[in-house]
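Each structure below appears as structure tokens.
First chain A sits with chain B, and in the next complex the same chain sits with chain C.
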Partner chain A sequence: MKVTVKSWTAVATWRWVANDDNCGICRMAFDGCCPDCKIPGDDCPLVWGQCSHCFHIHCIMKWLNSQQVHQQCPMCRQEWKFKE
Partner chain B sequence: MANIAVARIKREFKEVVKSEEAAKCAIKVELVDNNFTELRGEIAGPPDTPYESGTFILEIKIPETYPFNPPKVRFQTKIWHPNISSVTGAICLDILRDQWAAAMTLRTVLLSLQALLAAAEPDDPQDAVVARQFKENYEIYVKTAKHWSYKYAGAPNRTPELDSKLKQLADMGVDEHRARVALSSCDWDLARATETIFS
Partner chain C sequence: MIKLFSLKQQKRDGETVQHPGTRQSAAQLRIQKDINELNLPKTCQVDFPDQDDLLTFKLIISPDEGFYRGGRFSFSFKVGQGYPHEPPKVKCETLVYHPNIDLEGNVCLNILREDWKPVLTVNSIVYGLQYLFLEPNPEDPLNKEAAEVLQSNRRLFEQNVQKSMRGGYIGAIYFDRCLK
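== the complex of A and B ==
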């Protein structure tokens, strides 16, 4: 039997590889987005700190901007430095 | 309120309701208005402290900028504790001020306040009169705190020996709370308390 593929539709799934299910700041799922965004993924990416904790970039930026003196990780209070 | 504040408070509210501590009746939270800006918290006085068997009501206000700024919390139940104002209920606790972190929640705040009742910090006082008594006359502090827990937080009366002094002031026409504050502040010395009231 000979089959000819006339057209096809690719489907892919993705998920973030994070060490937790939820963002510690907004408490929303990492596979979703922060409360100010509509579409998860590249529009609302995750970032990691050197302490290995991870947050929505929008959430951690708001937290760091709200800190007047020392910028610390909201989970472990180590000095916040972006990984890489 | 901002998106993030409402979404988070709703989750945290559920977290408290479903928590192990709520099942043991150690902490509780209720809504005051429907938009989650004001809540009413409740903590049980920890065992083996002068606050044991008391129920302490907290006023919790959620700022627009939550969780980037801490909730505003105050004791509504009158309490005798070095880090809580016996007049206004204002609390001196670092995580409600500069040590707040966005990862903290209503549940961790309520548990921290319960821990504060069990471990006072008299060297970082909110109420200088209570802190001085705590440091200089610890036994009297324990009695006074038990008495306030009985009068205002529904704990059993474990200090009946104090009642006669209050009655003597009441018989002179002094308002009950005013008499209690004066006696508590004067280490239950009736003569000194009478002097502060009538001078």
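== the complex of A and C ==
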């Protein structure tokens, strides 16, 4: 018997590797997106602080921009510095 | 047949309430999660005057120990569209003789102002408010007279709290009865 593959469909899954399931700010799943976005993935990425806490980039930026004096991690109140 | 039809109609009506055309706002989504995960101490209960509006509700605290044991205190919560980046606006609706609550109902609790952060939840505020009744803090007071009495004469402060909760005058201020 000779089989000719006419078409095939690839399926892939992805997930963020974070130390938690949900963003502490919006409480949405990390594998979902922040409430201002519609599509999870590279358009709504996660970021880590040097304190190792992780948030949706849109959530943490909104918080940092609202802080006038000190920019602190909302989890541990250490000064917020982006990792890497 | 008629019944089936009306059931269908009801279902459709129910759906229009759940999906009012626009997406839920970030604040609504977040408060929904806060409310679902609410884990209240047995001294607290929440009350939604409008079931469709999770952004406005009341919290009733009935302390079972400390100076305010036996009292019943109502707080109004107004959650703005800036939530969780801004804290909810919380006011005490019961006139209370307390160093950290003034006679207009403003509450002095750090996490409602300078120490708010968006990872805090409604639950954290509930525990913060309950703590105010267990440990009134005479430093940084909103009701200076009450704070001075608490600092100088704990016994008199205790008597004043009892008197105010039974309904009566402390100085020139009349407190309504708020015992359960």
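In this section, the second predicted complex is superposed on the first by the 84 of 84 C-alpha atoms of A that agree within 3 Å, B and C clash if a C-alpha of one lies under 4 Å from a C-alpha of the other, contacts with A are read in each partner's own complex, and residues count from 1 in each chain.
In the analysis below, a contact is a pair of C-beta atoms (placed from the backbone, for glycine too) under 8 Å apart; a residue touches a chain by one contact, two chains touch by 3 or more.
Owing to the predicted nature of the structure, the values given are computational and were not obtained by experimental measurement.
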First (chain B), second (chain C), both or neither touched by A:Trp63: both
Touched partner set for A:Pro74, first chain B, second chain C, both or neither: both
First, second, both or neither for A:Gly32, with chain B first and chain C second: neither
On chain A, the residue positions that both chain B and chain C contact, one per complex: 24-28, 34-36, 59, 62-63, 66, 72, 74-75, 77
Footprint of chain C on chain A - complex, ascending: 24-28, 34-36, 59, 62-63, 66, 72, 74-75, 77
Residue ranges of chain A in contact with chain B within the complex: 24-28, 34-36, 59, 62-63, 66, 72, 74-75, 77
Touching residues (chain side chain B, partner chain A) in the complex: 3-4, 7-8, 11-12, 65, 67-69, 101-103
Interface residues, chain C side, partner chain A - complex: 25-26, 29-30, 33-34, 84-86, 117-119
